[in-house]
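Just below is one structure, and these are the notes that go with it.
In order of appearance the chains are A, B and C, and numbering begins at 1 in each one.
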């Protein structure tokens, strides 16, 4: 019974026109998956986590001009236990990287990461640095990347909407279900240690692999 | 404000045994500096701060500079006694030969202090302190007891260059983590191999990417 | 008493923070405030030792945003460093650009045309206004006013950022000054828009002050807290509004006479007590003085080129030498020390960061006060981590 209703293809049991007719009569028909995802994507609460210059654009996005609260992120919670989304805004340095991974581990599933700005994606303009981590996706999985230095507030809003679309398309069962519904997926990511010359390990093979250089 | 030579003579008059010399600055700003010896540095600093005319009570900036060892090759004319056979007879003859001698001028680490006066509204007076070499004799007296603003800046120089400031109240790393072993701003610092991805690598970056791939193949790095 | 009127009595051990004894009841609690903390303007950590609510010891720990700016500077040419100076104090990118351009112009002996100087002053003072407004907004947010004064401050900041964007191409990382002038000229339409914004600024500051000046909570939490003595301030290298709030009359615009600041009439506000309230009031008054400078500069702006025609842009190699150039940035004295050895890259590129040095006395100001005051005192120092860690 469960298989036929929440199967791999998300076709509804009810025809589209019938759905509209019923809607006019006051009967609302949907799938649990759509309802579940709608609730989750309309109330993403980010964590107040600003690292560097992109944090100022993030703050400007929450201010009166480019209000982010109308997309559902009503409050920015300082505590990771109460937040759904971590916006890595700014350069992640090697000194800060263990703390970022620890904070990510402390967030409760379902949790998402937006890498905002060039520095969070790949090290950015400070890539040739002995203390700069060349992209936060070396240690934690990232859902949306926003390029820019700093990205405009409108770009951050678009990233938010992209994340909302991604959440909308998540299945509840089957192969493609998200991490928080999968018992085999890792819940905690290993925290790097401070080594003598570099972080130890320099990257996490589970989340980041070296791209092939085609010559 | 006094010129650099006048400040030099004032220091020599006030602090006996002080070694002061003027380091000229060829730039248009003509901010010449005073190179002072490390033995009397604290007394000189106290004089500069407390003197009625100079009143340099504001230490604006402390900088560390790394000067590498320089290899100098010079051509020297050497007169030598050489045994030579002249007309079949062994004799000692004087000969003048040109030789190329190579010597190493030791590099040093330097701390440069920029001093201003809030009371008299003049400045800057630039003071330099040099270490003996870059390897083992890297100690300098700390001027934190005289000017408090040197506290964090000298810690930063210790962290990034490796100059040990004796007399500093709390000398430990400030910008890098405590377990870090190198001094990154030195000119001969080699960065760690943490693979920097480039879509079109060339020159230096290509060389490092190939070295990294060799390391992975040998099993020394994870990926 | 020295000639500038500052009392210079030397108390025993005055240049180290005093040692506070706990009253022996209960245990001491060690707390690490940060690096992830809602009120530490960025990734900054303070290791605080508490006796109940009182602070016994405080050690700041930074380096969490150390992006080796100086090493990058030494591996690139002089002009390539200009966009990196934007990212130092990321609120005030134009004053960072000006400090660097000033240092290099002194090193190479370049002249700057008059119109460029006026434009530099206009942009620097606009930067100062939006920086002080944001600082006060953040300070009030830490006091518990949960975002509303910050919204007012950011409303004005958005108007100023629109001006920056239409002139320089970017809201925050402007990269506008060059060695020998400015990158592009300002059109008459831009100047009209600026005049409109500047005319609206006094009304905004009046509104801001009306809400805040006699607010009971502000007065109770800020007056008498975090006192900084003037002699300690001078000796610790403090600069900017923090120094002037302690009563020391030292404004680099008046002392060094850089740019064309001699042509403008403006006053330098000084504080009496050196507490948080004085720092807040000094910033409010400085905003008003900046508006008066802006009005004068916009009226007297001459025509002409904005770039020195003799300036060499390609293959720029200043002669060997060194220079230390500094300006009055909104946070304090921002200086650049450059050593050139005749090559296209600087041999030594050093930034004198005002926020880093202003933190030297954080421990002295916070000892003996409550934990809640530590957050406010820290907010009144007005730091930006990009500058502290570089």
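Methods note: a contact is a pair of C-beta atoms (placed from the backbone, for glycine too) under 8 Å apart; a residue touches a chain by one contact, two chains touch by 3 or more.
Values in this document were obtained by computation on a predicted structure and should not be read as measured data.
Peer 1: Closest chain to the protein's overall Cα mean, using per-chain Cα means, please.
Peer 2: C
Peer 1: Of all the other chains, whose mean CA position lies farthest from subunit B?
Peer 2: Farthest chain from subunit B, going by C-alpha centroids: A.
Peer 1: Could you tell me which two chains share the largest number of C-beta contact pairs?
Peer 2: Counting C-beta pairs in contact for each chain pair, the top pair is B-C.
Peer 1: What whole-number Å value describes the gap between the mean CA coordinates of subunit A and subunit B?
Peer 2: Centre-to-centre distance between subunit A and subunit B: 47 Å.
Peer 1: How many angstrom lie between the centres of subunit B and subunit C, each centre taken as the mean Cα position?
Peer 2: Whole-Å distance between the two chain centres: 30.
Peer 1: Indicate the whole-number Å distance between the mean C-alpha point of subunit A and the mean C-alpha point of subunit C.
Peer 2: 34
Peer 1: Can you list the subunit A residues in contact with two or more other chains?
Peer 2: Where subunit A meets two or more other chains at a single residue, that happens at 95, 128, 130-131.
Peer 1: For subunit C, write out the residues touching at least two other chains, lowest number first.
Peer 2: Those would be 63, 66, 68, 71.
Peer 1: Show the residues in subunit B shared as contacts by 2 or more other chains, in ascending order.
Peer 2: 175-177, 184
Peer 1: Hey, which residues of subunit A end up touching subunit B in the complex?
Peer 2: 94-95, 122-123, 127-128, 130-131, 134, 194-199, 201-203, 205, 209-211, 213
Peer 1: Quick one: which bits of subunit B touch subunit C in the complex? Just the residue numbers, please.
Peer 2: Touch list, subunit B to subunit C: 25-29, 31, 55, 57-61, 63, 65, 112, 114, 118-121, 124, 126, 144-145, 147-153, 169, 173-177, 184-185.
Peer 1: For subunit A, which residues are in contact with subunit C within the complex?
Peer 2: The contact residues of subunit A facing subunit C are 48-53, 55-57, 59-60, 63-65, 78, 90-91, 93, 95-96, 99, 103, 125-126, 128-132, 149-150, 152.
Peer 1: So in the complex, the part of subunit B that touches subunit A is made up of which residues?
Peer 2: 175-182, 184, 189, 191-199, 201, 209, 221-223
Peer 1: Residue numbers of subunit C touching subunit B in their complex, please.
Peer 2: 2-4, 6, 15-16, 62-63, 66, 68, 70-71, 106-109, 232, 234-238, 248, 250, 255, 318-324, 326, 333, 335, 337, 339-340, 348, 350, 352, 356-357, 359-361, 389
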